[in-house]
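Two complexes are shown next, each including subunit A; its partner changes from subunit B in the first to subunit C in the second.
Then we have the complex of A and B:
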């Protein structure tokens, strides 16, 4: 839900400007919760305000919570506007944001589609196939993730054949995914480890959001960039688009995004055009949190004995598996590892949570075990969670050790005082030592001073 | 007849198969009249299909026309998507299933031209047929339902996971009793496959067949009082995915006409004779069942004693 959260944090003026592009409207509709989508459809061709009471009647009485959540979301995004009536919750009436409504109607009537540009003849002979585009997008995105993953690997060995551009490194640092290590090199942060285990959609939005923020910090028009990104999401795949009709800002965005793999730029004979890749179309994908719908492309098989098989050749996926498994064999198309207490603990200390590990294994389960319920064996999932809870069993808090008391009486008096203020944690009268919590240290010190004076 | 239950879903992805009435007799002056032309219907359908596909990038839609001359697949949103994407290796982790490439672009024009072609062919044939003999005025509802089910079956056997299939019948012509058996069989198959059949009646009268279909499969039946506002009705009710239906209220059916048609003369009957072996329904008593060939042996050849009376269901 990163996209929605990003939009709902925008000030109303900016949001209204974004809705002037029908691509944004479509993307917003797609990323709404299911009921909210239905509400928008119902109101799409209704110009008059609808009473809040009527809308409440749409939901089943037992689903009022869902209804309120949907209404709140629509309100936050300024898709639904309150009109007339008192602004009290009871008798308010609503209508769709007129700009949003108009743009969506236009888009749905099929009158407008994404622009199509004729391919310049100089480039026509080298038109990349969809497979080429896909491979390119995959390579660029994986190199970004791999760079991040390797930054966390001990020794920091660089296996990637290319370093990401300076801009990407800046973005990663901006997003708090990377920090500077003690030796001055780059280091992956806890946030970065969590980022690696997110699904693609969320990862994309983290990067895109930072990118837009970066653009805005430079005093450029962030809204235009957001609209353009939405637009890219709805472009047909594998179709070329001329760079010439873009504004200078959009041109810059295309260049920048090419290094992440969102678009592919083809240049020949002074002319250039760009192709949105599969990653770009993910920007408009509607992956709600409730969605259990995952594409069948997993590669991991987890057995009840904690053995993990990953049928993959991608160094990135191996690097991610390495985050929380002990890799035992690496074969040409298979890595075999075991989830051990030590390997999982390393992951925990990197800020990864047990739920993330289980979710990752689940999302990337191989098609053969996808039908199994549950996908990740219960023993494994439970054990990983137990290990996490193990770590949280011991809590640390600061304490002070007092010793070398001159006499038993003094010691007893101070211990008594410490007990009275509720700070005493441990005492050993024979060695005249005791431990009290740090919070009362000042009081206890004052008491000891007073005592020694008398 | 137990009312159908629909499996609850945690996501709102679905595959919708729409059967579209293009019977020229219904759309002609005799039927709908000038209030709602087939062109207006096609325009509204395009908006509906567009909005449905926009709801989720994995939503799929297929459209089948049902006319007097037969049925035809005219649109399949998956077909335009499958070509290039199957050839490609999967993208990185997460979703690789992109937006339908062609879908977004040209659904409007593709759909309009295809429907127009089928409609004009049907109209032509109807006019030609009108000169000689009695033209066929009944729509092949059973055919359209069967084709829709075949499509669903094909998808169910395809690569997993699949979207939840459902059907939407936009229907206008009166029930054709001669299609009773085939239609009922299609309904029972849909019930078994857990495919809800939503119905939107645009004709003048209710359809007992489709009322039963919606009832059996757990779908929603509605007969808009103003067919020209079809789009709004479609956006209100059949647009609801199965996930949202758990939370949103649906219009209550006024009542379901459960009357059956007899197997011998295809008449709709309240009371009739039911074969004790194969449960075939007849409006007249006979000594032998024409469906299963069972011979009724009776002490007295009175109808009341020999064959069971079918109880009218409420």
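Then we have the complex of A and C:
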């Protein structure tokens, strides 16, 4: 899940509301592929529809694939609207979404930056440094992940020194990352295990999306929240912002998001202000996948003998390693574990895939072995994949077996039909038997009935 | 008249198939679960044995792999 997917799944009405903020428009513009960016800028000051034919002429014939991809993306995001002509036909013409167009014009020509607030003198002396903000953001976010990871570890969910707020727990549950265990406690779900191994940016969006949905369920204005989050991304880092000019909903968002580390709230002398952190700017700035901000240096070294060394003190990272390695020693700054068949099998049964494990080891490889090709030794990567395949050696599927067809022609016709509906699993024309998946039984039975009537 | 039977299609490699067949052979007649032995890599079995088979296969694979003691 990421920002663009999120936007393109929204209903048109909501999407148009989001474009009423020029911050969203800028964020979307940033996230587009280069060719689509160019189209938007070309069309920015044209208020008449442009024929699709003309637009196709902008791209060289050999770049038609890219052109189509760009057009599709723009269409999905409702940046480009089809007007006139029969829709979907060749003679369709396009224009920019008027709301989007107006806001982007404002943003680009009006030079409106994020609002600046003078810092109240009571707070000025305690201004946190960017490093402080980073550390704060990471600490908050890790405590959330740790809570989740501990909920999955045997022995209880209460080991973390800091519990996330009730609201955050609600979000995790909403997102399907946590369920209720048999004993009534919290239990991490398969989805949750996968969540732990995702990169930071994706994790962030999972939580934010649920947060917006939650706000909407309470009958509040979700679009305002999304716009505000986009806006946060354009605030310069380490600059304070007054709370007073925010609407009451925005104030609430700031308070809620402080607990996951998106913003840092400073209070003194009855006044308060907030600082967006790297996490917040990441929300919209890293829309292009290239610039993912890795919060921490890599720390894992995997050896060809399956030994895994993690140079870390973070309980979260130890908890994640514990998901798929057998931990052997825990030293003050180092955990040593082994990747074993048993340990990865536990991970598989939690819904984690071999590719995710390898990708995690790769992403968090220690700087010393970053240069090595491949980062994760082939023996280890291959063995983990082989173990996964071993688990799926026997495949079972609910199915229906059909037999005793009166003639070869009838048999062939039914098999053809089953293949067309995508249900055919196995066939033997000599014995006139075939097996099709369970789900399509009704269709196939109807087909056979029809056939025997004629 | 065409006949339709509900069950489970099992798809696996040749050794695994033989293993499943041998489980079936060890059971008394009343509990045999293989309906059709389709070919080298496919079996059609009774619907209720899915979990039992999965466990047996898992136990078998655990038994034949060496795990370094902790």
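Throughout what follows, the second predicted complex is superposed on the first by the 337 of 454 C-alpha atoms of A that agree within 3 Å, B and C clash if a C-alpha of one lies under 4 Å from a C-alpha of the other, contacts with A are read in each partner's own complex, and residues count from 1 in each chain.
One rule holds in what follows: a contact is a pair of C-beta atoms (placed from the backbone, for glycine too) under 8 Å apart; a residue touches a chain by one contact, two chains touch by 3 or more.
From a predicted model like this one, the values you see are computed outputs, not experimental measurements.
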item	value
Contacts of A:9 with subunit B and subunit C, given as first, second, both or neither	neither
Partner chain in contact with A:401 - subunit B first, subunit C second, else both or neither	second
Subunit B versus subunit C as contact partner of A:371, first or second or both or neither	first
Which superposed partner A:340 touches (first subunit B, second subunit C, both, neither)	second
Partner chain in contact with A:409 - subunit B first, subunit C second, else both or neither	neither
Dominant contact partner of subunit A by residue count, subunit C or subunit B	B
First, second, both or neither for A:382, with subunit B first and subunit C second	neither
Overlapping contact positions on subunit A, where the subunit C interface meets the subunit B interface	none
Subunit A-touching residues of subunit B, taken from the complex the two chains share	10-13, 46-47, 50-51, 54-58, 84-85, 87-99, 101-102, 104-109, 159-161, 163, 231-232, 235-236, 239-241, 243-244, 246-249
Partner subunit B, residues of subunit A touching it in the complex	26, 29-30, 34-35, 37-38, 41-42, 44-46, 57-60, 63, 66-67, 107-111, 113-114, 130-131, 134-135, 137-138, 141-142, 145, 199-201, 203, 233-234, 236-239, 278-279, 281-282, 284-288, 290-297, 314, 316-317, 363-364, 367, 370-371
Interfacial residue positions of subunit C with respect to subunit A in the complex	1-13, 16, 20, 35-36, 38-39, 42, 44, 47, 50, 53-54, 57, 61, 65, 67-68, 70
Subunit C partner contacts - residues on subunit A that touch it in the complex	326, 328, 338, 340-342, 390, 393-406, 414, 425-426, 428, 433, 435, 438, 441, 445, 448, 452
